[in-house]
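One chain, chain A, appears in both complexes that follow, with chain B as partner in the first and chain C in the second.
For the complex of A and B:
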C-alpha cells in the first residue's frame, strides 16, 4: 500500500520550479474553463472539469504538469477562489497565478479554497494520480499515484492509462498499468479483449476483482459465448482459492499480532508475579510509563535531532526500559520491600501506587491521547496473498515481542543474575544461605519486570491510544495470561498468550467480539478448573 | 479463623478505600444560604476519562460566567464535581448523594446512554433535574431530564440522507460497528428501520458490536474490507463505538490503507477531541454529525473558544485549550438554560422551573443557532451540522441546516 499524501508535495515543488519557466502559454480557454468550474460550489461541474482536463492532457492538448499542479492543489486546499478574482494557488513558498503558475501577489480580497466533499475528492485524487503518471513518468510520485489508481481501476481514465503506458519512462510500471487496463477492458465489447482481460484479472486475486468478475457474469447472463463463460468460471474459481488462502493467512497473522500484544503486556508480570509472587496492580501503569518515555524520546529527538526522528522507536528501547525499571526499583525499595510477607497489603499498596502514577502523569501531561509520529518504515503494509495485508507496525510488534522473549530467556537461563533469580524463586532461604542476597535479587528482578512492562509500552505506542489510563486496559488481561500459563514460567506465558490470541481471532468473526471475550474467559475458567496451577506449573516459593 | 479475619479485613478495607475515593470528590460544600449548588456527573477516570473529564471544567466555567454577572437570583452558583470512574452504577450512587445530601439544584452529567439510564430512576424518585449534553438514541422523555442535544431524527438521519444522496456518494451498503450497549443498538435499529423504509434489503447491511474499551480492531477491519469489496454499491461505515475505541479503530483503518474515498466512516460519537493524537491526513473526508462543530462560523463561537482557552490556561487544567467539542457547548448551553429557567421561575425548585421551560430560549449558543425549548417535550431544538475530517485534527463543515428542526423524541423507525 502506498501513501499518497506526502510524496506529491515534494514533487510539486520540483515541478513548479521547472514548469513555470516555460509557462508562457498562460491563459488558454481550457485552463480558464477548468479553473472556473473547479471554483464552483456544486459537485457536477467540478467532476466534469477534471474528466475533461484529463482527456485533454492524455491527448497532448494540455501540459501534464499543469494538470497535476492544479488537481493536487485543489485536493489539498491549495486552490483559492474568490468572487470576480483570478484563481490563485497558495503553496508553501507563496502565491501563484493558477492559470500560468507564475508567482503572484497575495490577494487583496478574501479568497478561500472551495470545499472538497467526498465525491469531488475521489475525482481529484484519481485525477492527480493519473496526471502524475504523465507529468512525472517513472518517478516516486507516479508510483504512489499508481497505488491510488489500483484501488479503483474501473474508474480510471483509459486515455490517460494508454498515454502513460506509451511513455518509455513508465516502463517499470507496465505490468501494473496492464492490470489497470484489463479492469477497464472488462467492459469491452470485443470478446477477445474481454477474455484477455478476464485472464489478466485472475492473475491478481482480490475480493474486489472477484466482485468485478461476478458483476460481469451477472451482466452478460445467458448472452455470453461459451469461451467467455468458461474463462469467467475458471477465473472466479482461481480467485476463490487464493482468497480462501489469504483469509487463513490473515487470521493467523491477526492472531499472532494480538498474541504478541498480550504477551508483551504480561511478560513483565510473569517476572514480578510469576517469579516473585508479588500481586502488582500497578503493572499496567509501568506499561503506560514506558509509552510516555517513548513519547519523551520522540519529542526530545524532534527538538534536538529531527533527522533521527524516524528511528525514535529503536532509540527509545534502552531508555524506556531503564526509566520504567528505575520507577519499578523505586517502588520496590520504598513500598513493596516492606510488604513481602503480607500479600494483601501489597495488593492495596500497588493499587494505590497505580492511582498515584495515573494522577501524576495526568497532572504533568494532561489526559489527552499522545500523538506518535509513524516512522516511514512502520506506515502502511504490503498486500501478500489476495486481501491479506501485512501491516508493518503489527509486524514490528510481533518481531519485537519475539526478540524481547529471547532476551528475557537468555538473561534468566544463561547469566549469573538469572541463576540467582531462579535460585531465590525456588528456595529463598537456601539461596540466602549460600551467599545470594535475596534483597538485592528482589530489587533487580522487580526492576527487570517493570522494565519489560516499559518495553511493552514502547511496542504498543504505534498501535494503541497512549493516555494516562491506558494501563488499566491491560492489567486484567496480563493477570489472566500469567495465571493461565502457570506462574513462574515464561514459556507458559508465551503459549497462553498465543492460545488466547489465536482463539480470539478465530471466534471473533464467527460470533462477534463480545461473545469472543466471553468464550475466552469461559475457556480460561475451564482450564484453571482442570489445572489450578496453570498450563505449565513450576514449583516456586508459594 | 485466619480466613474469617482476612475476609473481614478485605471487606472493611475495600469499603474504606471506596469511601476514601469518594470523599475528596465532594469537598466543595455549600457554605451558606447565599449559594446555589449544581452537581456534575462526569468521569475523570476509566475508559471515558479522556473525553468526559473536560466537561466538569466547562460547567465550572459557565458558573463563573454567571457569577461574574451577579449570579442567579442574586446568589452565587457553586459547582460540585464528582468522579463516577466510568462505572455506570456509580453515576446513580453519586447522583443520589448529590441530590439527597448536598441538595444540588440540578445535575449536569452523563455521556453514555447507559450512565443516563442508570441515573434516570434516581432523578425521577428524588424529583431532580438532569441536564444531559449528548446527542443520543431518543426514545425517552422524562420530565426530570433536559435533553440538550439532538435525537437521531435531527442528527443521524440527516447525515444518512446526505451520504445516500448523489453529492454524498450514493451509499448503498452499510456496515454498522458499535460498542455493545443501548445507544449503538437503538441507533442501529432506527437506521435499519430507516433503510427498510427507503427500500433497502436486509442484505445491504451488516452489524457488529464490541465490548467497552475494545481496541484490537484488526479482525473487524479485515471484515469491513471484505464487506466493502462485495457487490451491491458504495459501502459506508456507521460507527457507534465510544471512548478509547474510537482512535484505536481509526488507527487500524489508516494502517490497512482505507481512505474516506474508499469507505466513508460516519462516526456518530467522533469529536474533535478523539482526533487528538492521530495524524488526520490519511483520514481526511470521514464524517460526523453534531449540533455544534468547532469550526462553526459565529461570533459567539469565537467568544466561547477564547473563554475556554483562557479558562484552561488560567487554571492550568490538563485539557487541550484549542479543542472545543459539542458536548462542552451543550453543557454550557445547559447551564445558561438552567439559569434562564431559574430567573423566569424566580426559584430553583424543580416543579416551578419545569413550568418555566416552554418558550425558554438562549441566543448565545456558540453554534450560531438560537436554541429553544418547545414545551411539548424536554428537548432543545438545535441546528444540525455534518462535519468532514480535515488534516488539522478538526472537522470542516460539510453541510449545516437552515434552521433548527423540531426534535422528535420517539422515532417512527425504531
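For the complex of A and C:
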C-alpha cells in the first residue's frame, strides 16, 4: 500500500509540471460539476462524480492527468473545499487551483477536506488507480494502480480498462488488463462474451477466481444454456486441479523454509556438539547475538550510508559471523577450555553463559523486539501456481541456508583446517600425537560453530521476532535435530532438519501448531529410542 | 569422550557424607514448625512459608542427586515429575473447593464447561490423590525409563530426550482444552485436608510436612545408596558395560532408582504447590529442570547433603535477591555457577575433599619429578 502512495506523489509532481505548462485548460462544465459533487458531504453524488469522470476520461473527453491529480488528491485529503469558494488542492509544494491545477494563493477563509468514509474511499482509490493507467501508461504509478485494481476487479470501470488496454504497449500489462476485463465480462449478458471470459479466467487459477466462478454458477443456476454451463464446469475443474497443485507446492515451500531455519539453528550446534562433544546450551544466545549484530549493522548503515541500507543483510554476513565467532572464542578460551575433561560441567557452564548473555543484552538493548527494515529485494514475491507464492524473504532464507551448508562442507572436507577438525573429532589423542594441537582446533571449531549460529541469527532477523530471549526457542529443537541426524555428521543434520520441517508443516494444518510440535518431538524421541546414536552416526573413537 | 561425561565426581576415597545430622536437624525443624503452628508462637507465616518452599526444592534436588550423583543418569526433565505431583494436588484442591463452594474454577468458566472433566472423579479424597501421585509419577518414569534404558540411551542423549519430554509436556499443558487450566494454570485453592490454606497453623503444618518429608527423603536415599544396591548403582555410574559383562542386568537396577527418584520429585511437587497456591505450565519449562541440575552441581553431586544444601542456598539467594535487586540476580547466579564449575568441580559442599586430594596429587607429582631430576 505505501508503495502505491509514494509513487503517485512523484509522478504527480512531474505530471503537474507538464499539465500546468501545456494546458492551463479552462474550467470545463465537467470539471466544475465534478468538483462541486466531490465537495459534497453525502456519499452518493461523490461516487457518481467519480464514475462519470472516469467514463469521460476513458472516452477522451477529459485529460487523464487531471483526473488522476484530482482523485489522488481527494483520497489523500488534499482536496480542500470551502463555502462559496473555488476548491483548492493542497500538495506538498503548495496550493493549486483544483480546476486548472495552476498554482494558487493559500486560501483566506477556512477550507477543509470533505470527510471520506469507507465507501467513498474505495471509490476514490479505485478511481485514482484506474486514472493512473490512462494518465501514464507503463509508469510505476500505473503498475501499482493495476495491482490495486486486481484486488477488486469486479469494481473496475469497464470503459477505462478498455481504453487502457488500447494505450498499453507492454504485453504482461495487457495480459493483466485482459484478466480484469474478463472478470467484468463475467457479468455480461452476451453468452459468447461470458464464455470467453470464463475461459480467460480459468487460465489464471486462484482461490479468488474460483470463488468468482462459483458465484456465477450459483447465480446462473439452471438458467444458463448448456454451453455456458459446460464451460463453467470445466473451468472450475481446471482451477481446482491447479489449486491442489499449488497447495502441495506451497506446503513443500513452507516446509523447506521452516527446515532451512531449523537447519541454520542446528548447524552451529552440529559443529560444537557433534564434532567437539560440548553440550552448548548457549547456542541459542549465539543466534540472538548474530541477530543483534545484524541490527547493529543496519543501524550503523542508517546513520552513515543510508544508500546502502537496502543491502544491510549482505553487508552484515561477515560482521555477524565474526562478532559471534569472537564471542564464541572468548567463551571457549575463558570457560569451556577448562572443562573438556568434564563435558557434563560444560552443560552447566554454558547454561550460566546463556543466562549471562541474555541478561547483558537485555540490560543494553532492552527487552522489546527489534525492528528490521525489509530490503526492497526481499519484499513481495512471485505467484507461481494458483495461490502458491514464492516469497523472496523465505527464498532468501532457503538459499542462504544452502550456501552456508555448502561453505561449511567445503571448509570441513576440503581444507587443512577441516582435516584437523575431523582428525580431532575422530581420535583426539592420536591427532595430538601426530602434531595437531587439539587445543587450538577446539578453539577454532568452537569459533566456527558459534559464527554459524550468528549467521542463523542473521537469516532469522527478517522473518522472526528478535529479542533477548529468542534463542531459548531454538535450543531444544536444535538439539533434537543434531541428535536425530547423528552426531558429527552435517548431512545427517540437513536430512533431520528437512524431515522435521516437512513433518511439522504437514501436521500443522491438521492438528494445530502445538500438536504438530508435540507429535514431532515424540517422533524424535521414538527414533532416538530405536537408534540411540542418531540416524546417520559417524563411527569414531571418542 | 561421552562416557567421561558421567564419570565419577571425585576420588573414590571420599568419605561417606554425613547425612544423619542434616536429616535429624530437618526432622527436628519440621516438628518445631508444626508445634509453632499449634501454639501460635514463633516466626511469621511468610517466613515459615519460605522455609517450606525451600525444603520442597531441597527434596527435589535430593531426587535428582539420587539418579545423577549415584547412578550417573542425568535427567534434564525432572520438572515433569515435580509437575505431576503439583498438578494432581492442585486438581485435588480445585475439586474440593468446587464441591464446597460450588464456584467453578476459572478454566471451566473460560472453556464454558458445566462440570469438571471425567478424570477429576474421586480426586476429592486425599488418600486417592496421594495414591495417584505416586502411581502416575512412577508409571510415567517407568515407561520412559524402560524404553530409554532398554535401548541403552544414556549420557547426553538421555539428558536431551528427557528435556524434550518435559518440553512436550509444557506445550501440552499450555493448551486450554486439556482441563488443567492451560496458560494460567490452577489457583484459588481454599483448603487442604480440611484446613484453610490462609491460616498460620496450616502454613506451619505444610512447612513441617515439607521438612519432615525432606528428612525422610534424605534418610531413604542415604539408606539406598549405602546398600548393596547402591554400590551397584555407583558401579553403573563408573562403568556400566563392565557391570553388564559381570552378569548384572543394569536395566532393572537403573529403572528402580529412576522410579524412586521420580516419586520423590512428585511428592516434593505435591508439597510445593499448596504452599505457593498456584501451579502453571512454567514448572514444566526446561529452565526449571536445568536449574535443579544447577542446584545439585553447585552443592556437589553424589553427596545428597550437598544437593540439598545447594538447593537451599540457591533458592534462598533467589528469594532474597529477586526482592532486593531483581536485575542483578541472573548475573550473580551465572557468575556463581561459572566459578563453581571452573574452580570447584565437585561443588561447594564436596570440594574440600578434592582440594585435599589435588594437593596430595601435586605433591606426589613434584616428588616424582624431583626423583627423576636426581637420577639424571
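Note that the second predicted complex is superposed on the first by the 412 of 542 C-alpha atoms of A that agree within 3 Å, B and C clash if a C-alpha of one lies under 4 Å from a C-alpha of the other, contacts with A are read in each partner's own complex, and residues count from 1 in each chain.
Here is the rule we use: contacts are C-beta pairs under 8 Å (C-beta built on N, C-alpha and C of every residue); 3 or more make two chains touch, one makes a residue touch a chain.
Here the structure is a predicted model, which means the values were calculated and not measured.
S.K.: Quick check on the chain A-based superposition: chain B and chain C, clash or fit?
M.R.: Aligned on chain A, chain C clashes with chain B.
S.K.: Which touches a greater number of chain A residues, chain B or chain C?
M.R.: B
S.K.: Mind working out whether A:393 is in touch with chain B, chain C, both or neither, as first, second, both or neither?
M.R.: The answer is first: A:393 touches chain B but not chain C.
S.K.: With the two complexes superposed on chain A, say which partner A:479 touches: chain B (first), chain C (second), both, or neither.
M.R.: second
S.K.: Tell me which partner A:305 touches in the superposition: chain B (first), chain C (second), both or neither.
M.R.: Once the two structures are laid over each other on A, A:305 reaches no partner at all.
S.K.: In the overlaid three-chain picture, which partner chain does A:521 touch, first (chain B) or second (chain C), both, or neither?
M.R.: A:521: touches chain C, not chain B.
S.K.: Have a look at where A:363 lands relative to chain B and chain C in the superposition and call it first, second, both or neither.
M.R.: It touches chain B and chain C both.
S.K.: May I ask you to decide whether A:237 touches chain B, chain C, both, or neither, giving the answer as first, second, both or neither?
M.R.: neither
S.K.: According to the stated criteria, A:43 is in contact with first (chain B), second (chain C), both, or neither; which is it?
M.R.: Once the two structures are laid over each other on A, A:43 reaches chain B alone.
S.K.: Touch test for A:119: chain B only (first), chain C only (second), both, or neither?
M.R.: first
S.K.: Contacts for A:428 in the overlay, against chain B (first) and chain C (second): which applies, first, second, both or neither?
M.R.: In the superposition, A:428 touches chain C alone.
S.K.: For chain A, which residues belong to both interfaces, chain B and chain C?
M.R.: Touching chain B in the first complex and chain C in the second, residues 344, 348, 351, 358, 363, 472, 514, 517 of chain A appear in both lists.
S.K.: Could you pull out which chain C residues touch chain A in their complex?
M.R.: Listed in rising order, the residues are 1-2, 4-7, 74, 147-148, 151-154, 156-157, 159-161, 163-165, 167-168, 171-172, 174-175, 286-287, 290, 293-294, 297, 327, 330-331, 333-338, 341-342, 345.
S.K.: Can you check the complex and tell me which residues of chain A touch chain C?
M.R.: That would be residues 277, 279, 281, 335, 338-339, 341-345, 347-349, 351-353, 355-356, 358-360, 363, 428, 472, 475-476, 479-480, 483, 514, 517-518, 521-522, 524-525, 528-530, 532, 542 of chain A.
S.K.: Any idea which chain B residues touch chain A in the complex?
M.R.: Result: residues 6, 9-10, 13, 17, 44-47, 49-50, 53-54, 166-169, 180, 208-211, 213-216, 218-220, 222-223, 225-226, 229-231, 244, 247-248, 251, 255-257, 259-262, 264, 273, 276-279, 281-282, 284-285, 318-320, 323, 388, 391, 396, 398 of chain B touch chain A.
S.K.: What residues of chain A sit close enough to touch chain B in their complex?
M.R.: Within the complex, chain A contacts chain B at residues 1, 3, 5-6, 43, 76, 115-119, 121-122, 125, 151-152, 206-208, 210-211, 214-215, 218, 250-251, 254, 257-258, 261, 344, 348, 351, 358, 362-363, 365-374, 380-381, 387, 389, 391, 393-394, 463-470, 472-473, 504-505, 508-509, 512-514, 517.
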